[in-house]
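Next, two complexes with chain A in common: one pairs it with chain B, the other with chain C.
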Partner chain A sequence: MEKVVQRIGLKHGSGGRAMRQLIEEVFLELASPVDGIGLAALDDGAALRIGDRWLVITTDSHVVQPIFFPGGDIGRLSVSGTVNDLAMMGATEPLGLTCAVILEEGFPRADLERVRDSLRDTAREAGAPFVTGDTKVMGKGELDGIVLNTTGVALTDRIVTDAGLAPGDLILVTGHVGDHGLAVMSRRHDLGLQGDLRSDVAPLNGLIRAALAAGGDDVVAMKDPTRGGLAGALHEMAAKARVGIVLEEPKVPIRDEVRAAGEMLGIDPLVVANEGKAVLGVRAAAAERVLAALRAHPLGAHAALCARAVADRPGQVVLDTGLGRRLLAEPEGELLPRIC
Partner chain B sequence: MEKVVQRIGLKHGSGGRAMRQLIEEVFLELASPVDGIGLAALDDGAALRIGDRWLVITTDSHVVQPIFFPGGDIGRLSVSGTVNDLAMMGATEPLGLTCAVILEEGFPRADLERVRDSLRDTAREAGAPFVTGDTKVMGKGELDGIVLNTTGVALTDRIVTDAGLAPGDLILVTGHVGDHGLAVMSRRHDLGLQGDLRSDVAPLNGLIRAALAAGGDDVVAMKDPTRGGLAGALHEMAAKARVGIVLEEPKVPIRDEVRAAGEMLGIDPLVVANEGKAVLGVRAAAAERVLAALRAHPLGAHAALCARAVADRPGQVVLDTGLGRRLLAEPEGELLPRIC
Partner chain C sequence: MADATTRMQFRDPARARALAARLAELVDALGRPVSVMHVCGSHEQAIARFGLRALFPRGLDVIMGPGCPVCVTDAPEIDEAVALARQGVRVATYGDMLRVPGTAISLEEAGAEGGAVESVYSITQAVELAARHPGEQVVFFSSGFETTAVATAAAILAGVPPNLSVLSVHKYIPPAMEIVAEMPESKVEGFLAAGHAAAITGADVFLPFVERHRLPVVVAGFEPLDILAALVRLVELIRDRRPAVENAYPRCVTARGNVPAQDRLWRVFQTAGGRWRGIAHIPNGNLRLRDAWAAVDARRRFQIDVAGLWDGAPAAHAERCICGDIMAGLRRPSACPLFGRECTPEAPVGACMVSTEGACRIWHTYGGVPDLREAS
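Showing the complex of A and B:
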């Protein structure tokens, strides 16, 4: 009998079920017990106890293609992705960022400087200092251009996980969903309508600071809907907290041009990556207060209350279209390679 | 006039002068003032003040080819590289490691599991827990196999930099030099003698702990001679401390098989990467004590006192062959792509 060689597929990097399974089957074995939140939690990052505070650590590699896209580039994406993962754990004051760059031989120096400028400007916007880095070069044809890894560390007094929902909690999204994924895919497919579509990529730590100041301990769960989109984030939050989530489709903010591009490309805006949005679970009594704080911030002007946690159907997400209800499947993750 | 497009070359990733210049010209602009040792120091990592302690952070991407080589693999390399960079700053008790993996579509799952096992085993050997990670996939032909980024954090009471040498200090190397670089290059070129050559890749934090316990504040500078080799490390230490360094060639421990492979391949063992060695600058009075502590550890059995810092020729390295003296040039860095 021929031996079947199992191979990695694009779906294993797309933020859906296939990726989660790969991580659970292969990488969870790297986890070891820590005083805090470690690898086994599969949260946006880790949180380690230092005295009476928490050290939050998060890492992301960025492989987006094209590296320059409407609304941003790989540099802005890299800083924002890491700053946002820290913020999603409740750590809104980054202590330091690392920048590890891998370049293909022949990569234009001018493009590298443009990426560097973007890294610098976005880090300043977030108040996050770069503190160390690494540079590697691979041969022509061994790497498509450039990839970046950014790791961030921050201290915080209180951790917010992605697992804190309880039945009755309300769920907010901080603005329009689908912008990043559809801007990158439209650019890649050279759709004529790309002029209207821009990535939302932005560091959210200031916005999250405002939300936490307004909501305090009533902000019980946070997650940024990157790969896998809003649907993926809600699935993870439902599964980890063992609650059901009812998503009210008409209340989800989606731009007309994103909806149009999604229809042309056959991509559901609910399952594509956002890079400047957050999903917040809040106790019902605090929801209007947190919503008002979000809307008062430039990056949260279109924030909306669009879902709620329920005791029914733990681990599942129900889409309420306004006309009826159906289960929203966990994204499998095959469509969108190199979106971030 | 035609515009000349400057492009990145392999030499920009090889740990010599070309890489240093690229980093200084392009990436130093990312540096911002921090309370401690930041990007501008271009040390093995950063050190940020937290209360009366230091948080050390270091990052490295690993692109070695082949990914499995005599004596190690990309997983062991990745953990060791990061643990060693922490140790070189004086931080020998890692708090946490991150693991960000980028895979090529079609990468065999069995190889991934083999790399994962090596990551796990080496992390255990170093007492360094993995706390968070990231997984990305690039398309077939967009990446050659797999690259790994590992970032590490640790707390320490005292920082040791690579800039602390003063005239009169003695310089120790913890064992044979050139093993890693020549093992990988011999494997890549399929030299017949590869059986004798093994990479030295290993986590050194236990060894460095022993050296610091013996030497205390008299250990004034540390650096691991990775890309650029012993020659590159000494050049950096000389330049940063504004001292000269006299390297006594006959005292540098080099295995016969490494010397032989170096001659066949035209590679000087002094300029190739080591992945399980450290260079320590110590006050003269403590040198024998530190040397004895190193030799008492399994990873330091061949440690040797092979150089000294002098007031003459600040920033330069003089090679004393036993027959005469000549300047040892800073490695330019073109020969050895993807060595780590």
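Showing the complex of A and C:
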């Protein structure tokens, strides 16, 4: 048996098995029965029944180093993360967002204003108004610069969970995988990689609205492959729906520069975070229709059908490499570039 | 990108399937199971990463042998570096070496105790480190097969700062192949040799081995098609009972190898016998500095008190760890009761889970089960 850890490690925040285990061991205690989807589901957010509609709520705290990175910043990340979590539940029209910020003493005002501008612009892009907020300051060294928390609420007629896959369903990814994680990592470790590694961070509610309009009830499961990457998202979808998933690696859209950076660092693009992508499980008959709707949207131009749900090996993900097959490991721990 | 073109060429699925079909025919025609061994972490990485075992015929067992230089570094060798760190010497080494268990503690633990232990990417960084700390003694704890040893040799020949010395635990692979071939339990009928090491030593370095053991050796590259093509050739040689050395990696390897690099290697190093962790005493399996380089040899510069470490120290080895058998190719990582449970990359028990070249670490990274030949 694994030892019960007495101290929290970085791996407990990295979206993999360690984090799931910590949440189950510590926080599941807080769950109580609700009319709808509550904490116990460990989904992207909660859904509470209001008459014949659903109120979807999600909250997300954001820390990233560096706070400004190629393709985005912590403000854009914060709004996109929350809007996307709502969208993954089927709620694509946010009613309002909150913004709570905790700052470290000495944080530059110019940087704060830059983050504010980014929050504003991204919220406009998503059509999501900020409605309230909170500000705290902590002493120097008590936190690293800035922590942002965003909560979002939205109403929807139909809930989509991350647990709805059944054998035979097909799985789509809305675009290139691995962009955000490798862009941030190569900047953080100052790897001086050439080429245009840029985060994909973006609010996806418009794209998901288009997919749902095309697929309707045939869109049966959604998840955003953030921490833990595509591998983490597929593992969670497989485990919750008790299906196996076969991922066809050659069909996964990955940019050449992302693949090259990954090979150099010894980091698989399948396990790094995406902040502007979604994974959609759809009934086979609707797959082409949903794919076409995704591709017609600017954020879904590179969408691809790359996996399928099967009855074999429930809870596991088989990777078909195009050459052979193996199991895809569930991501665990903090990602570090290869030492030697 | 040139890189993308190369990738397409050596990762082409249609060609891979054709080679796999050929391999299946050959093994079928033999009418019995065949075991072959490779001796290189990079080969295992490619096989596991691309799921190639699912493509191999059922009758073919491709085993990883002692192909991880970090893993075969013996506990008393780690102890030497730990003792130096405790003696106040600044120890620089490759990151993979930090968590390898010594008799009592690892270098990482020696660092946590307050010892000066640093990870470097190359000996060049150790040279820079010594230059930055002129008032201190710096030891480069150098591990790796003959490929890495050439870099160490080149740096020594170029001249190192007076406060830098080298604690060599470099290993030399050909003698280890001999020992594994001679193990009575071994069913290995042929070897894949590592292309990058052979680029330096030349393919002909394996001629005496082939002569003595009557087993074929095929030098292989590291892309999926390189490995498949080399396996086809190896099984053909086994079928024909033809012990020979063949070079299936001619775009990088020649018969004679990189002669100037060999010259550097043997000017600085000589072979010496020594234990490889968990495997055996390997005659000529270690590379030690020649007498001419005594001045930069940490073993001669310092009195290394390893005995002091051993007094009353609890053994750091877990009894149930089967690293030795895994490195000798006798058992698979998945046969270990600790694998993936008590022993993970975050909390490794044995050396094979520490290094990115170790069989356990590689299997764990790529899904944990040997192959999916049984999957639908």
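Note that the second predicted complex is superposed on the first by the 328 of 340 C-alpha atoms of A that agree within 3 Å, B and C clash if a C-alpha of one lies under 4 Å from a C-alpha of the other, contacts with A are read in each partner's own complex, and residues count from 1 in each chain.
Simple rule for what comes next: a contact is a pair of C-beta atoms (placed from the backbone, for glycine too) under 8 Å apart; a residue touches a chain by one contact, two chains touch by 3 or more.
In this text the structure is predicted, and so the values were computed from the model without any measurement.
In the superposition on chain A, A:Asp256 contacts chain C only, with no contact to chain B. In the superposition on chain A, A:Arg7 makes contact with chain B only, not with chain C. Of the two partner chains, chain B is the only one that A:Gly133 touches; chain C does not reach it.
Once the two complexes are overlaid on the shared chain, A:Ala292 sits clear of chain B and of chain C alike. When both complexes are overlaid on chain A, the residue A:Leu48 reaches chain B alone and has no touch with chain C. When both complexes are overlaid on chain A, the residue A:Thr321 reaches chain C alone and has no touch with chain B. Chain A residues in contact with chain B (one complex) as well as with chain C (other complex) are 11, 338.
Note for the complex: chain A touches chain C at residues 1-3, 11, 250, 256, 260, 266, 310, 312-313, 318-329, 332-333, 338-340.
Interface of chain C with chain A (complex): residues 1, 3-4, 11, 13, 16, 48-55, 94-96, 119, 121, 224, 341-342, 344-347, 356, 364-369, 371-372, 375-376.
Chain B contributes residues 5-14, 19, 22-23, 26-27, 29-34, 38-39, 43, 45-46, 48, 50-51, 55, 57-63, 65, 95-96, 98-110, 112-113, 116, 119-120, 123-124, 129-139, 141-144, 147, 149, 151, 153, 155, 337-338 to its touches with chain A in the complex.
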